[in-house]
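Can you read through this structure? Questions will come right after.
Letters A, B, C, D and E name the chains as they come in the text, with residue numbers starting at 1 for each one.
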Amino acid sequence: MNTVPWLTILGAVPLVGSAVVALLPKGRDLIAKQVALVFSLATLALTIVVALQFDGGSSQPFQFIESVPWIPAFGISYGLGVDGIGLVLIALAATLVPVVILAGWRDVEDTPDARGSVKGYFALILALETTMIGVFAATDVFLFYVFFEVMLVPTYFLIGRYGGPQRSYAAVKFLLYSLLGGLFMLAAMIGLYVVSAQGGQGTFNWFDLAGMDIDPTTQKMLFLGFFFAFAIKAPLWPFHTWLPDAAGAAKPGTAVLLIGVLDKVGTFGMIRYCLPIFPAASEFYAPVIIALALVGLFYGAFVALGQGDMKRLFAYSSMSHFGLIVLGIFVFTTIGQSGSVVYMVAHGLSTAALFLAAGFLMQRNRGSSLIADYSGVNKAAPVLAGFFLFGALATLALPGLVSFIGEFMVLLGSFQRFLWVGAIATLGIVITAAYALRLYQRTMTGPVGPGLEGIGDLRGREITALMPVVALTILLGLYPAPVLNVVNPAIDNVMSSIGATDPAPVLGSTGTSSEGTEQ
Amino acid sequence: MNPANYIVLSAVLFSIGAIGVLVRRNAIVVFMCVELMLNAANLAFVAFARMNGNLDGQVVAFFVMVVAAAEVVVGLAIIVQIFRTRRSASIDEPNLLKY
Amino acid sequence: MSEGINLGETIVFWVCAGLATLGALGLVLSRKAVHSALWMALTMINLAILYVANSAPFLGMVQVIVYTGAVMMLFLFVLMVVGVDASDSLIETIKGQRAAGVLLGLALGVLMVWGIGSALAGVAPAGLERANEIDGGNVQGIARMIFTDYLVAFEATSALLITAAMGAMVLAHRERWAARPTQEQLSKARFLSGEHPGNKPSPGIYARHNAVDTPALLPDGTPSELSVPRPLRARGDVRPVDHADMTEIAEIEEVDAT
Amino acid sequence: MEQIMPATGAFSLIWVLIALPLAGAAVLLLGGRMTNKWGPYLGVLTVVGSAALGVVMLLQMMGLPAEDRSIQQVAYRWVFADGLSVDMAFRLDQLSMVFVLLITIVGSLIHVYSLGYMEHDPDRRKFFGYLNLFVAAMLLLVLANNYLLLYVGWEGVGLASYLLIGFWQVKPSAAAAAKKAFIINRVGDVGLGLAIMVMFVTFGSVTFADVFGQASAASEGTLTAIGLLLLLAACGKSAQFPLQAWLLDAMEGPTPVSALIHAATMVTAGVYLIVRSNAIFDRAVWAATAVVVVGLITVFMGAIIGSAKDDIKKSLAGSTMSQIGYMITAAGLGPIGYVFAIFHLLTHGVFKAGLFLGAGSVMHGMNDGVNMRRYGALRKVMVITTITFFIGYLAIIGIPPFAGFWSKDEIIHAAFEKGPVIGALLILGAGITGFYMSRMVAMTFFGKARWEDDVHPHESKAVMTIPLIILAIGSTVLGMALLFWGHIEEWLEPVTGIATAPSPLSTAATIGISLAFVIVGASIGWIMYLRREVPITAPRGSLLTRAARRDLYGDDVNEVLVVRPSYWLSRVLVWFDRAWVDGFVNGIAAFVGGFSGRLRRYQSGFARSYALSMVGGAVLVVLALLLVRLS
Amino acid sequence: MSAPAFGMHLADVVPFNLPSIDYRLIAPILILMGAGLLSVLVEAFIPRRGRRPVQLIVVFVALLAAFAMVLAAAGSRAVTAEGSIAIDGPGLLLQGTLLLVALLAAMLMAERMVDPSGDAFAPRASTLPGSEDERQFTQRGYLQTEIWPLFCFSVSGMLLFVVSNDLLIMFVALEIMSLPLYLLAGMARRRRLLSQEAAMKYFLLGALSSAFFLYGSALLYGFSGSIDLPVIADQITAKPSQSWLLMIGAAFVLIGLLFKVGAVPFHQWVPDVYQGSPTPVTGFMAATVKIAAFGALLRVLYVALGGLQWDWAPMLWIIAILTMVVGSVIAITQTDIKRMLAYSSIAQAGFILVGVVAATREGLASALFYLIAYAFTTIGAFAVIAMARDSSGEATHLSRWAGLGRKSPIVATAFTIFMLALAGIPLTSGFIAKFSVFTAAIAAGDTWLVIVAVLASLVAAFFYLRVVVLMFFAEPGPETATVAVPSVFTTVALAAGATVTVVLGVVPQPVLEMVANADVFIR
């Protein structure tokens, strides 16, 4: 066992960074940025150290376990630990934060009506990172909830203070919507605690709760509470309307963290909490959820197709992708769930690429995010256009990129369980291509639009910020083993905890059976 | 006669006092109505003391008189203060605080 | 039934109950606040009688002295301050307040009377003889309880009384921010100001116009503007003295004189 | 069960085949401006390197016994989860070998040609990067040992195609064409993806070896499903009916791209896919029949479109469609057709590349004009181009001994074996081929010059003409070489299965008949466009001509059936999202706000009102308590 | 009647047993009352200039001494003063909290830096608003130091209220607590018309509620023959008949207490009084009256009416729902921050009632915790409100708070912490409080009540966050209030409020243990 509280250290580093940045004297903006970057890089380095120590082959799905009693009165402990799923999502967060910091280097200065200070912006981002790490590392449901909710606060400020014209409305809507889900989850969580207390001292310990046998009726009620919160977060159709507003109002960097990491908490929560703790309820609700996921997949894609605003388009596209992730989780196949996790990572990266590239573009044109305001950027800023295209391709899950692996695994897993679901979902890839390329065509190609002639191409810093994302997208696409190696055991654990088994191939491995078809 | 009649009387007085509070506009009269309600309570205490056969009720009634006296002083002081400011003892007139 | 209620008490009850209710209704229904207060006093006195009838002679006395004597006097006193004539208009200004108030009050009364009546139907009073005997009397009994069982409450009421005194003083006592000037100081100030030290002449009274705007005539026959109120002077509303009038007046006077 | 050999010797470098152009692409695309100068040469070198390596491998493979020629190289485990394991693994067998050679050699030639053709383009570094990317993806497509990896190559070439069609993005038409190509291809990709899923669900694996090995055990229904889905994929990539609409627009790309991607290699990937999956089609009669039907329809669609277009590249594109229709038809014929499908694919790859490059050379001299009605009499100023183009012409219409003759004839021949109707239709198609190709040659190189004023046609530079010459030579000899020297039937037999030899008698008959049709068609073409003056503005033409000019209404059908409905659906959903989904949420907020505004009016400021509510509350509380007790 | 009342021989008198009073246990109450008396004397004998410091010393020393006595009594469980006073876990806990919160409130009341003309109270409450007298007194820097004895008495009443074990002492304590508050409410330095109006409304409605309480006591006395809470409880179990007396009596007593708590429909005084009173008094009232009233309410419900749980639970259910919903909903359209916090306090009362309804030990403990958390947060919030000023005094209109976060980030951040706590965001005391209340309610089977509470929390979150939005997301303009630089008093109160709010959110275990150990009333 580990004696070093790695996860605590990991979470503490950005928090300390946040405090340091916040306490810097006014006007030392450059130093604030540099300090923020250093801390975020240190976090990334630590994450890599942790990831390298993670033993994917171990029989123990959760590692780096820490547990200290926190509020014994309610059986609450400060419990941390990661399995493969948590680890890759933490890694995703740790990767994206320095990227966002670097990309947002001049976000505050370049927004004339920004409400906050430079150091505040970066302090909030670092604080957000702490909560992101915490939420993925918590093994105590209560602790998870705390991070889940506290996470809203820095995000709220990031949107509301540093966002675009609709920021206030969007921030409040985001917060209230999330709180609504969170409060229902709180009620369900308390219900869970009360159920666990029926046999003596109640607990919030995930390991105990996951091993608990709850009667199906109760499960169904409690499940709804948790699922509702996650469905809002993810966001699943029809609980999504906060996302376009929030993403539309937020700075690109904020939007990347919001969609790329924060929203993953929803899908992460489903796979970590809904399934293992409420297996019977999960099974009961799966058809409905799958239906919602499918609706969301196509709904999001079609609305994205009709969007005139880039940021909103990305939001709807994400909604569509979240439909896919949720689908992968609730078809109860190893492949589908592994795929979902891979897709979470992939989506984080692709969102980052696309959103940041779009952000760089908008910054060059008075912050306009209207597609109609752009044309022929490729001519004026070819490198920018290149990254933009890369982002679009990552979004449409081009094979060879990591998003393809995730998407395909989800589709395959769905197909494996429910033939028609998988088949219908697969049709989504056409619409995805349609809106992604339509966006590129409208903005980047054709004659250079008015006012765009001299916008200037990406600078070194901007390219530096984008490169890691691009590189990871390609590398993991060609060699996803680092992710799959740690995710697969965790998924096996989830599958066994819900008692689901994969459908065997029709012919089996021996190939002797000639019976049966896919019908 | 049933000793409960005392209690019934007190209930009637209490209700009349309550109605007075609701329909009268002069703050002093309203306050007198409240005093009437306290008196009704006192009557109930006294009657109950007799019915229960212990003196607690009478003691309470005694204390209530003391308390009521103090309350009257404070209340009247407040009313006088308002009157001096507004030249009116109407309870409806101070109506700046609302919604 | 250890202690029946005799006829005398029954009569007393019905009389006093009737009067008390009458007083209460009078309190609520009188338009003039003073009348209300007097009706209230009627109720209180009757209640005092009922206390006595209920084996609470001490309380009956206290009721008369403290309530009717002190509290009601205070009420009346304040009423005097506020204005004896203060009366409510009959028009209810808050929509529906009166109807709703009466309705709710009646509902409350009905609920209470019905509930209490049914709860106490057939209950006999235990009587206070035994309780009074323990200490040798009603007053002694109350005294003992006040100084033993309810000592803390008794002590605590002192805080209440001090608060009351304090409150009355804070809100009603007008402190001076400077020493009150003496008679001498006042008269000196009056003369030193250089203004007209004595009474100003009253306006001339010629009831042919708005009389206050008419200056008085000094003994020498000249009009004195000082006799016209200052606001009118400031507005320039001083009626000029018409000499035709003067002679006319003189003639009239002469006629009168003769 | 076939035997799969580990990679030894030169075969251990299979991955290098792909990696070399890929590295070139990476350097070119990421290197930025500093590679402007030498980048294109690097691009050429990497492809030539791959070609050389391919030749070495061919030699090594030829040295092996026929049953040991299926080489597999596993790089690493790629995608895996419980029950799923897909390797990054390559398979080099006889079929992929010929593709490797076709891709790298034709690719090299086109790279070289492009050095000249793109000389003055400011973005030519990117062009070469994309081309390299294409070559890498195409090699991955043919070298993959499983369907999933094939899928990567499959979309990879789609991406390269997208990038190259839209290379001149400033032209909105080019950008639109690129998008259209990608999206229509995506429809095909759905087929491939679903096919892979059915395979996985059925066989538990997606490697060629496992799928083909167990295919006999699967039910015919399953195999039919897989076959039809693969056909859908092939239709998308190979521009077969009903997913043909993109190919004509794809001519917006630079001409070398049209030659390499939209004639010689990528568009034939569908043929490769079907032939590669022969184990499935052999056991799925209906799927195979569907393949034939699709192929036949496309033969005629392509030919008719090719006959009507005045744009030289579009006409050639129609021709490509048609020729691939031949291949697809052949692939649908079963074991007797596979080999000839591939055979025709190879010869077509060479002569069509030559034709396209020739067209490119012509355009180069004509200030990038593509309208054949403004050509004419170019034989006088472009001798080499004219000769090489003419050789390609002879090859495509199938005049012996040029390459096309052998391969097309074999297909027609095999079709007759399957059924006389198919054969007859193919012969008819050959006749139309003769017509439109003659028309093209006549309009371009013969007749009177109808050039626009400022056009000064000239022969292209050597860097462009040398590839033309090489391809012309290929167009001349390749058919014979492969048939008589290379024994392509025997070479491919381990992969495609034993083809029953066609009877020689029918051979002679079919040759005769088809030649006759070709000559008749060609004559009509020559007569129509050489005897009469070619009008500069196209005459209105017949109903068929007009339909063909509009791509036989392919775009209109798409527009009505797909584009417009999608557009309206997205509009409706955008509205629905705002008005109803978001409106509902905001409506709740507004409702609470309004409720609040109404509720606060009860706080009237009158103490008596407050007292009223207290007394009312008291009544209610008493009632509530009593009710609870009474109930 | 034969016994002569007078002239009796001493020997004839029945032995007069001195009442058994454990003065150690009631010392906190006595200390505060004594302090009140002492400060009356200070008013009488110390020259005007010296009064304020002496009064402050008296008050602070008394509060601290009383707190020390509460600490010393920790763990005691005794009924003393002949059954009038019950010292037990909840009582002591609430007394301790009351004293600490009162200490902070006293600091706010003592503040005289934020207003250039003095403290928050009228220099002389008896002067007419706008009169020459008022101007002169203001100019001369007069301070109404009589607030201190009133304050002391009020606190002593609260201390007594939460430990009173019979209905009489409860009534007396209620009045001791309330009368000074009625007076203090009317003594604001600025906006005196509002202040006086608040005092009158508070007084008249308070007197009405007292009448209800008293009449209810009478009926309970009639039912049980005693005014001792435990005896009433015994009688309830002993004689289930005569339920009408009991029911109406219980209802009236509860009405009296629910009024003080600010529960709907007895809540309407709250917004007016909170808005009109001097801000330190509002803070004091909001924090302490809530504690004291809930303490008494819990004692009556759990001790005297424990046997009637099935009767009052549904009624309280409805009241809790009404209170949460009405409070939260009306608050969202408020434009005055004090008024908004008043509605917020109504809503918070509803949340506490959720714990009360549970009628379990956990329910009691959770309500206690909620009270503690709420009190410190509230006092902190009012400290901030007292500091936000413009030329006319306190800037309580919400529009004045726009952009405050930019102008005074530290104070705005503190206020944000309070708002987040009231909204129940984790890592603040408010969250743990809500959490424990909901836990108790769900454990008691009141799931639907919790779901309503959850929805009300959401609505509540909206208006709490609206302030945050205003402070941080809007640009400061000329209208924006200025945060006055306070003296050490307000600073300490603010810091203490914020610290407790955060500490109770992060490490609530010690306090949770305390409330868990204090979850049973003595009977």
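Rule of thumb we're sticking to: a residue touches a chain if its C-beta (ideal position, glycine included) is under 8 Å from a C-beta of that chain, and two chains touch if they have at least 3 such contacts.
What you see is a predicted model, and the numbers here were worked out from it, not measured in a lab.
Fewest steps needed to get from chain A to chain C, stepping only to touching chains, is 2.
The greatest centre-to-centre gap from chain B, using C-alpha centroids, is found for D. Farthest chain from chain C (centres taken as the mean of C-alpha atoms): D.
Distance from per-chain Cα centroids to the pooled protein Cα centroid is smallest for A. We define each chain's centre as the mean of its Cα atoms; on that basis chain A and chain D are separated by 35 Å.
With centres set at the average Cα position, the gap from chain A to chain B is 65 Å. Inter-chain centre distance (chain C to chain D, centres taken as mean C-alpha positions): 104 Å. For the pair chain B and chain D, the distance between mean C-alpha positions equals 96 Å.
Residue positions of chain C touching 2 or more other chains, listed in rising order: 94, 97, 100-101, 104-105, 108, 111-112, 115-116, 120, 132, 149-150, 153, 157, 160, 163-164, 167, 170-172.
Contacts with at least two other chains are made by residues 600, 603-609, 611-612, 615-616, 618, 622, 626 of chain D. Of all residues in chain A, none touches 2 or more other chains. Pairs of chains in mutual contact: A-D, A-E, B-C, B-D, B-E, C-D, C-E, D-E.
Chain contact summary for the complex, chain E toward chain B: residues 125-126, 128-129, 167-168, 171-172, 175, 179, 182-183, 186, 192-194, 196-201, 203-204, 207-208, 210-211, 214-215, 217-219, 221-222, 225-227, 271-272, 275-276. Of all the residues in chain E, the ones that touch chain A in their complex are 406, 420, 423, 425-427, 431-432, 434-436, 438-439, 442-443, 447, 450-451, 454-455, 457-458, 461-462, 465-466, 469, 472-475, 507-509, 512-513, 516.
Within the complex, the chain C residues that touch chain B are 5, 9-10, 13, 17, 20-21, 24-25, 27-28, 33, 36-37, 40, 43-44, 47, 50-51, 54-56, 58-59, 62-63, 66-67, 70-71, 74-75, 78-79, 81-83, 86-88, 92-94, 97-98, 100-102, 104-106, 108-109, 112-113, 116-117, 120-128, 130-132, 138, 141-142, 145-146, 149-150, 153-154, 157, 160-161, 163-165, 167-168, 170-172.
On the chain C side of its complex with chain D, the touching residues are 94, 97, 100-101, 104-105, 107-108, 111, 115. Note for the complex: chain B touches chain E at residues 7, 10, 14, 17-18, 21, 27, 30-31, 34, 37-38, 40-41, 44-45, 47-48, 51-54, 56-57, 59-60, 63-64, 67, 70-71, 74-75, 77-79, 81-82, 84-86, 91, 94-98.
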